[in-house]
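Each of the next two complexes has chain A plus one more chain, namely chain B in the first and chain C in the second.
Up next, the complex of A and B:
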């Protein structure tokens, strides 16, 4: 039993930190002392290797025997080739590790570490070498050469880099972002408006058949492309800009500003299908709420109110395509979009 | 007992007599390229063992599988965006006569008409997912155990660069089949590129060689995917592994482990067998995944067309955080002097990932500044012993996790029948709140675990054996720790905030560097102000002498300690009814010494 008086000197004698007790003694495994266990492990490893070999052979048999004829045969071929490959590899792997863990020595060894820093002597030698090298080169005494070499080295990559980067963008015609096929009115794909001007016909995506205003029943949704798009040389690029979603709503629901009162026809409104956020197709229309939802990032647009954003990361409403009906009853675009479609970019408003 | 003197070294003692063929081959190589020196250097090099050291190995081996399966795929893939029509006599029937690009056609053909093609495609995709996952988990193992500390800061940066390269490899590969999903992924990349101030439209135009989608992006990404990125990864993996050998692997704290040694098994034969075996296990595992789990069956989505998009579409998991950040961001866009600045894309697409990655890259240097520690560290930290680092890591993963989940907010909405708007708002708030909550909670848990370690080191194990003292009090007998057990709890060193010198020198002149010291002091206080220091030998001795210590004399009727909850159980009637063999009642660790009671 101790008291306060005994404690003080005892504390004074204690070291500041505990001492590392040192590595534990090696404990022998069952297989180290009893050869029967080692033999059993040896047999097990051999068995696993045999399974692996059989699996590899089986995989080749599957390759030769299983034809590719329909969905099921493709699936079976994939399954059996893969099982053979997988079990073949896994078998060797498991066997190797079991061998290492049970039959190879598990005596732990200790290796000294040395500091990363070099000893003083090699450091001094290295510094000396560098000093001599720099002196030999004469770079310190010849500042003209230093400047000339730096300048030449800095310029030399340019003949490689400039053509590489400059050619990446082809014609660099970024002004093309502003125009879509709706502004082009070739005779065969357009209809004549009452005022005598031509308008590109609206067509079904992907069939490319023109749409009559009378086909658009109340509440229906049309995925629309410019008529004749499929014949265009740059089909994908133009389609990526020109796709439109068209719905017919009760005209009483529509909120239309004065200047855009004639952009719709009998409650039929058409908006760009390219999201003003990062450009996904805004493809999900909710009949009940008249909301248009982008499946990529959930920007939600109100089709009754100028396709304004009601939720999500988009800022701007979808651009509206002004539509009318031509003398044959087909829906046509009265003009191109009045702003660039799709995601924002720096000089969009210029 | 000193650490190394009594333990064997891995150098061979007896003379090695090779077989004749082996001997002459070895001689041939040594007299020409001096191979004996290399064998001497690496042959019996010691590596420590722990399951968490396998995480980086999973990344390495899945990269090898990626190369092997990727070579197979290049034999049948044609990276061309030229238009073509799917052959009428090829499977699947749904595609016969369909308009598509050559890249998409060759992807479908190699899946349906090339034996083993689908298997290799699926293995390649699973291996890619595993590759990035293993890198991330490996990186956080390094983070939480402090393996990035001196001298390994450069290797941390090499690993960080490998993480970025793995993301680029994943994205460039994902885009190659030219199906609807990958095309929409590229379209999002185009939108993000366009949002870059001033040069955005030119970046987009340069990337696609014209307007989106153009006919250049897939051949370009193909070169990036199969040449530039793999070459860079191979080069950096080489540097990564050379540095690992140069530094010698870190080891977990334990008996005999110090900053001056490495304890483990020799490279040959143990690690040669284990590493080769593990490679084959990873290979076999990926092969089984490719055989049994279908992934990215592009013919279900169809060839790329700018018009359709499928709902519930997600990118591969490692891109979810970017996708989620884009989804969470409110629609902020400003116009400055007629020029548009898309904050709704710039912040989640550039600034947030920029901050997340920068934090990872600079963290070792931040912590070094806080500790002013210039020593080499080779023994790993137990995460609880560095509470602020651990808490920062968990908070980081929390923020990352929110963006990942937000990238699947539509699936959460449809699976749990919740409003997508509510989910998005929840994640918007959680992105800021959750990391703070996780930081505080993790730090407290770490400090609590350290206190528990202290208790254990000071007082030993609970035995569940409760005895009654002559004065009626109950107490629990504690069993002392062995030296080995205690070492694990006390081996780490206490970290304290650094001291700052005075603002002025002796003559009252402002001391240069004082301001920098103040900042460093503040960071250091943030890290180490709250701390639980490890038990010192003096404290252990004091605890034993005061009667706090473990019972060592083998007389249970004279125990030294009364354990928590004793106040309740010492009521006379309860004590009389229930005899001594009663488990400790409370969870409290409050201790009460007999001397203090008397």
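Up next, the complex of A and C:
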């Protein structure tokens, strides 16, 4: 081997103060000195392998013998199949390792690594072949082919990559959170307000039955969806945006700014149920403190004070749904939310 | 007498004396301890009177002599018999200590006394009554509809199968494993403590019975294996990190250890 020009001198390889301790002194195992221990280990390994074999057979027996009738019998069948399979495989592994550790030779020795660099002659031959191949292809003399080949190769992955990336977002419409079903007022699901306009009725989730203002007693909490939501083509998408939580409080407790004074009705207030932090459904309502908690990150909103954040990582209050009562006594939304629901995003206020 | 004098110095004498003293103290306590006010069952008026007596002795300190409420406890006028039955049958009231919320425990009154107090409180103002046996019979409910209602209205606090969960500042939604159908119905109807009210217009009586049927259904053992308390990632994560990864580390150490 002609490696001497690449191996640095010994004194440069090792720091001066460090002495190579060499391999540890070989210590003989009990089995190496006493054949009785070796024999005992051999028997132990054989026993483990026998257990493994029995477990494998047991697994097949369980497969054949155990009936599959109801969920409990499926569970028993799966359990015994799995136990047999597991013990069978584990036994082989444990036996192999124990065999290697106790009976096979454990004398330490050093195996030198081959130098990675090839000898000079094959290197020269390989370089020659490469050069010859490039000349033969004529890539230097035919720039048109070079460009065309590069272009084709560069475009080939795009049919895979473009749909893959585009499907990630699904919908690039960033304004989707601005509008919910509360802004749509089909005749059959809406009620007429005193001023003649239509408002979408509030309905119970999941029954989709409209709610009368008199149904909402003090301390009640209603989980609300737009009436007729269940008939919508994109039921889940619309539900995820439009869910609302409605409670009735003592009107004296409510703090309402002048411009939102008519957004509640006799102490009934309705807020979006989508957390302004990362969009979990905020639904843990504590009746006595009037606090609404988010189960994901414990953001806490004060229902008496415009759903203001009183604790946790959320940064904005929950959007309020302006409500009123129609000519038949049902609660309706006077308009859609006046801001996008859910977590903040860059284009939110565009 | 002489034998008694001699055995005075026996090493068992102190233990015997302590035992005698304890029995004597117990007997004296039983003889002189104040008895909780009791009254025999009778017609409605008698029940109300007996209930008022019990109320004055056991509840009035906090709730006021006529249940009108004080700074420390709410008014009971109009809470109804259902509320009293729930609070007293689950042992939450009379409240044992000043904690973030009244904890459930062994009831401190028997069923008759509770019904008397309930009759008295119900007489203070109209409120929800105790549901009948038939209204809370899980056998007549539809567990599938109960699941849909529970998922929307209850699961966020009480966990998907009613294993309970945390609220703010030491309060918590209790586990529902041991609640009776009547207690579950009463809790929905009256909204005890932090829990909001789910009146009959919000979840109909049939809906409430469906919820009860669902909760009874999830108490059945599941063929899916060990539920680890149905607490989700907390108990499952503990299991994986301690038993699972611990087992892998143990196996790695055994494989790497030299044989003796």
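Quick note on the criterion: the second predicted complex is superposed on the first by the 253 of 350 C-alpha atoms of A that agree within 3 Å, B and C clash if a C-alpha of one lies under 4 Å from a C-alpha of the other, contacts with A are read in each partner's own complex, and residues count from 1 in each chain.
Simple rule for what comes next: a contact is a pair of C-beta atoms (placed from the backbone, for glycine too) under 8 Å apart; a residue touches a chain by one contact, two chains touch by 3 or more.
Note that the coordinates shown come from a computational prediction; the quantities given were computed from them, not determined experimentally.
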{"item": "Contacts of A:118 with chain B and chain C, given as first, second, both or neither", "value": "neither"}
{"item": "Chain B versus chain C as contact partner of A:311, first or second or both or neither", "value": "both"}
{"item": "Touched partner set for A:283, first chain B, second chain C, both or neither", "value": "both"}
{"item": "First (chain B), second (chain C), both or neither touched by A:215", "value": "second"}
{"item": "Which of chain B and chain C A:266 touches, first, second, both or neither", "value": "neither"}
{"item": "Touched partner set for A:197, first chain B, second chain C, both or neither", "value": "neither"}
{"item": "Larger contact residue set on chain A - chain B or chain C", "value": "B"}
{"item": "Contacts of A:137 with chain B and chain C, given as first, second, both or neither", "value": "neither"}
{"item": "First (chain B), second (chain C), both or neither touched by A:240", "value": "first"}
{"item": "Which of chain B and chain C A:97 touches, first, second, both or neither", "value": "both"}
{"item": "Contacts on chain A seen with chain B and repeated with chain C across the two complexes", "value": "71, 74, 97, 106, 205-206, 223, 281, 283-284, 295, 298, 311"}
{"item": "Chain A to chain B touching residues, read off their complex", "value": "2, 6-7, 10-11, 14-18, 20-24, 63, 66, 68-71, 74, 77-83, 85-97, 99-100, 104-113, 115-116, 165, 168-174, 176-177, 205-206, 223, 225, 234-237, 239-241, 243, 273, 277-281, 283-284, 295-299, 309, 311-316, 342-350"}
{"item": "Chain A to chain C touching residues, read off their complex", "value": "29-31, 71-72, 74-75, 97, 101-102, 106, 204-207, 211-212, 214-223, 247, 281, 283-289, 291, 293, 295, 298, 300, 311"}
{"item": "Touching residues on chain C, where the partner in the complex is chain A", "value": "148-149, 152-153, 156-157, 165, 167-168, 171, 173, 191, 193-199, 201-202, 207, 223-225, 254-255, 258-260"}
